[in-house]
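Both of the next two complexes hold chain A, though its partner changes from chain B to chain C.
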Partner chain A sequence: MTLITPERNQAAGHVDPAAAYVPDQSRAERRTSFEVADFPVPHGREEEWRFTPVDRLGNVFSDTPTDDREGDPAATFDATEVEAVLAEPLGPGAAPRGTVLVPADRAAVVASANTDQALHLKLAADTVYDEPLRLRIHGNGAGRRSNAHYVLEAGPHSQGLVILEHTGSAEHTGNLEVIVGDGANLTVVTLQQWEDDAHHLGQHDALVGRDAAYRHIAVTLGGAIVRVNSNVRYAGPGGEATLLGVYFADAGQHLEHRSFVDHNAPRCTSLVTYKGALQGDTAHTVWVGDVLIRKEAEGIETYELNRNLVLTDGARADSVPNLEIETGEIAGAGHASSTGRFDDEQLFYLMARGIPEAEARKLVVRGFFADIVARIGVPEVVDTLMAAIEAELAATGS
Partner chain B sequence: MSTIEELNPGLKDLGRYEYGWADSDEAGASAKRGLSEEIVNDISRRKNEPAWMTERRLKALKLFEKKPMPTWGSDLTGIDFQNIKYFVKSTEKQAASWDDLPEDIKNTYDKLGIPEAEKQRLVAGVAAQYESEVVYHQIREDLEAQGVIFVDTDTGLREHEDLFKEYFGSVIPSGDNKFAALNTAVWSGGSFIYVPKGVHVDIPLQAYFRINTENMGQFERTLIIADEGSYVHYVEGCTAPIYKSDSLHSAVVEIVVKKNARVRYTTIQNWSNNVYNLVTKRATCDEGATMEWVDGNIGSKVTMKYPAVFLLGEHAKGETLSIAFAGEGQHQDAGAKMVHAAPNTSSTIVSKSVARGGGRTSYRGLVQVLEGAEHSKSSVVCDALLVDQISRSDTYPYVDVREDDVQMGHEATVSKVSEDQLFYLRSRGLSEEEAMAMIVRGFVEPIARELPMEYALELNRLIELQMEGAVG
Partner chain C sequence: MATLEIRDLHVSVDTEQGPKEILKGVDLTVRSGETHAIMGPNGSGKSTLAYSIAGHPKYHVTSGTVTLDGEDVLAMEPDERARAGLFLAMQYPVEVPGVTVSNFLRTAKTAIDGEAPKLRTWVKDVKSAMENLRMDSAFAERNVNEGFSGGEKKRHEILQMELLKPKIAILDETDSGLDVDALRIVSEGVNRAKEGTDLGVLLITHYTRILRYIKPDFVHVFVDGKVAEEGGPELAERLENEGYDRFLSAAAQN
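After this line comes the complex of A and B, so read on.
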């Protein structure tokens, strides 16, 4: 970035501090820092907060410790199903904490600054974990601040499935730092099944090792405002990243998913697929998918896809796939996004065959999610998800 | 002993921009650099403008000073607002016919090919802009007989003040963005077109613009009003000579498309590679109206241009075909904006871009469906072609849907020139350079065929020029 003196760029008699401002020329220029002071509380006009209703986010941005009270923590962390991989917690600056995730926004920086001891999960090298490793996070009350930072290490050639389950209610900020060792195969599922008054902002960053496969699956169903950012970069060639997401927003809910794939190594692949449905007044979903292909990332392949199905009036879906490409030596790059309502013809077809409208609508919605559900391929997540979708559809009474 | 240059006389001109000549700078010497109330007052006084226009200009200047620079897009720190001449009056009066033009101006236009265009009667009227003011203007009589007004914008204000006042700034208010405010404060020249009800203008109306003074900004203002059921195709082309320091081109184009009318606006922008081209273009479409932007960006150092269509009436239709070509040192940040504000409206955006030699093309678009615009349809397709490893291509498509009953699609692909295609063409005896140019031409063909013939030819020639030295 070139800095020039403000004077040079001024109209007479007028000082405009923005005149010397050079907009970020690449997604990689976005600020990251461990200093809380580097991220003022957002006012909503910033590029990365433009869709988020920051005025409704209350104290989730406040730089305060977790609101634990005597015998009554703000959030309960149930680690019984991850005991097999539990390692010594990590203080600030204790590697590998901070090697992959550098906070990129206000929520992430307060989470990082207010987590003394980060939960540390370590999958041993060359080990296959057959059972899902499940971490349950339960918020114990609306309006109570809760900070979390997890470090997840998958040793070289290990294989496992880690599920983060969010329930209850809280003002929750949570960071997840993932190191996928060379040749490892790791799936991370983050399940947001919050109560209707919960706020949850999270940053999940992964570093994918050589020839490793990383899958991040976000399933967001509950919560008043949920924003999960899933970011990936590569430690060597041959890495594969698959970022999947499913969301279902009801009246009053704001569900936001952002991802940033930084193709910084050759011959890697990334596949980003998010699908969501919306129903009810002021239901709002946001998907922003950024991909940067750097000069050195020759031979990579990437595709981003977002589909939104709007079921009723008054809902709003924002969908922004951004692609920045700095080399022509790639196998392929593309993205697609679409937003639409039910296909009336499909509905008509089903009803003409004697299926009542309510049932037909369910079938159409189920069909809409079918391919991504098949791709998730984790039975217990799929069951939860399908049950939740059925419940959502039943609630509309249509 | 002869030097290499003597043996190859062509070498001297190699790498020189073809249109990079400049006439001796007479009009520019007296014009002051910089921007102030005094300058704005002076521009307005020299043009003998009505008081309301002077006020508009001064108000816009205040807005310009208040508005921040864009917080996204290209690096614009190279623009030095105090080192630009905001108004350069040509030393010549407006001439009635070609022969009346001064010799040096005629020479300039000869190089641009205007007389040929006129001789062939391919264009209906030629408004050639020379140093901020239109000095040459001719309209075919049959157009006048149809009641079509086609004049430069200053004449439009003088001779059709009521019509002008009604629509000026109605599509793009002066506070729309920093550069629209700047243009409103210091605008000069441009075209003013009114097409009466039901009139179909068969031949494209055409205008050439030239920046001809060092550091001179070109702030033309175009206003097109197509009354109910009418049709007009306006063609704008730009070339500018090369100068040492950076030039600024900041135009505003406002188009009002009334019920069932159709307007097509074609631009092939080929500013020399030191021009900042920051243009605001917008059209409003009433019921059943159609607006088509055909937008080619070949030249300039930085272009930021997003032709917009506001679909205000039911069944209105907007279409943008955009091609961008970025070579070394260029950033083409172009795209389109479609705002659906009425039911059953539809929009299509097709964008093709080619980057080479370290150039950068960005597609930046917005499709917005406002509440109440049910049954709207929109489709956005972006294709980018990268011909080497050092160039860059970006896609930033914003979509904002506030209505459930819509169909919205966006797709983008980025590809490189395939080895197979190259091999095939080379095996048929084409040089690598020719083959590359042919592939690029094929890539932009869907848009090139929408251009008037002479423009399609010019585009092909420009692509060839751009692709020179692209390989090996």
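After this line comes the complex of A and C, so read on.
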């Protein structure tokens, strides 16, 4: 086994003592379990929690039911735009629930244990869904615990776009379990537009079928602490996984994205691209991208990339790619990660052509996101994203 | 008719050992229609002069004045200077990832004119300006300066100059890195602007070859942060033959 040591990049002026830590355990050996007792409440020194402000997450880590009150649920799930694919909910142990997602951390296990009936969406085989299938999740109050587990099945050769939209505030744990049937083409967007005081931890696991194409797009703009883990493995050869993420962190926000691509089948591909911007004191983003290429994963191709743009002092971006390779018979594997400060030379160049500073900044930031935005290619997600970025930039008045 | 006046300009940059004076009293006047060549050895402060006029934040003016038609240029932000009619073709143009040339040009033109250009004529103007500079139309959809060759970057600078129509343009070594054909093409662009808009030009160069295409009215020898000698086009020839030794030894004695 080759273990390529992670590159680490941080904004100038920030030294992270924990960054010296090099994992000595293969990603394959990470524990998964349905038993809450198997995951003690994290103290923050664990490999997978070392960047996260766990001291503020006591509520989401606790093994507690959803804080629903008489006529006032902790979170409202508006399923009107997914009615076409709504299937019977699934209790614990009712397949396919539990066949793809086994909780891999404390937040996921308490979400699983405290969700009695998992929302079940089923895209019929050989069917193309033209309209986006949108599930709106609205948190009804800061501090209120909300647990969720969704099972999403895309039948063989189906095609569709599913959007999970998070707004409002809550202490939300949400698991998403995705089965991409053979030859299916499924895009999942998870949009985090929470209020400033929301906490949201989520584990999204997908099993990508033979010759299927799966895209997972995380767009995180709001929330005090958001951590979305997007994991993929393959049910057969020829699968394609594209994991994309865009985030914009302001002062006081901790936005964390982790991905794990388990190349457990031959001739599959994965492409992981996350880009983020940060501004304001204590804005903190984390990206950890794990890729494991197992012995049997011959002929696969993988590339992962993370770029961060630090717009102001006091913000910090952690970026850690990990690539483990157990076979030499691959088509390609690579990773790149960088964190750069806003480039004043670019600003000067644009201003020297008459463009006012605020507009020049906007151009540079939009330009930074341009390639990933093009790759997302879902017009309504892109529009929401660009509008949010403009608003973020306008808010600083720079 | 525009006049750029530089009077006794002193400029410093911050270094680890504290501020370092680079420009030590520059006097220069450039009027519409005039072409001034500035020649001088490496490190004499030519780019510093260019950047200081354009308002790069790295350069600190410690004394002296720069005015454009009497207006205080030094009080203006870089974008205001550009809108007032100044243009700097940079020695090392900057890459701006994700911003296409066409978006950049349209945004700059809109900023300079205070209103968006008429789409129809603008598209035509850009197209013909690019053709004149032998730039493939594919450049319009590429990101600003990203992956451009040295010569392509310089053409792109002149393209901007032709489209933005400044009153006074400073060309900082626009000729370096150009092959003979490109040099001619770029020079034609400058001459078109001179004829079309009565552009005043401050041309910074090491070589007389560009002066065969763009005829200077005045030549200034720049040494150790100031103008050491001034003359007509014949001075350029002398420099080409004799080099800067004469001036350098004089500067060393100061």
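The rule is simple: the second predicted complex is superposed on the first by the 372 of 398 C-alpha atoms of A that agree within 3 Å, B and C clash if a C-alpha of one lies under 4 Å from a C-alpha of the other, contacts with A are read in each partner's own complex, and residues count from 1 in each chain.
Please note the rule applied: a contact is a pair of C-beta atoms (placed from the backbone, for glycine too) under 8 Å apart; a residue touches a chain by one contact, two chains touch by 3 or more.
As the structure is a computational prediction, the values presented were derived from the model and not from experiment.
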- Query: With the two structures laid over each other on chain A, which partner does A:A87 touch: chain B (first), chain C (second), both, or neither?
  - Reply: neither
- Task: Based on the superposed arrangement, let me know which partner A:I355 touches: chain B (first), chain C (second), both, or neither?
- Result: second
- Query: Which holds for A:A370: it touches chain B only (first), chain C only (second), both, or neither?
  - Reply: second
(Q) I'd like to know which partner A:Q346 touches here: chain B for first, chain C for second, both or neither. (A) second
Once chain A of both complexes is superposed, is A:E47 in touch with chain B (first), chain C (second), both, or neither?
first
Winner on chain A touched-residue count between chain B and chain C: chain B
Margin query: After the superposition on A, what does A:M386 contact: first (chain B), second (chain C), both or neither?
Written below: neither
As the complex stands, chain A meets chain B at residues 2, 4, 8-14, 16, 18-25, 47, 278, 295, 298, 308, 310-330, 332-341
Counting only contacts in the complex, chain A reaches chain C at residues 343-346, 348-357, 359-360, 363-364, 366-371
The residues of chain C that touch chain A in their complex are 54-57, 77-79, 81-83, 87-88, 90, 93-99, 103-104, 107-108, 111-112, 143-144, 160, 164
Listed in rising order, the residues of chain B that touch chain A in the complex are 34-36, 64-66, 68-77, 79-82, 384, 386-417
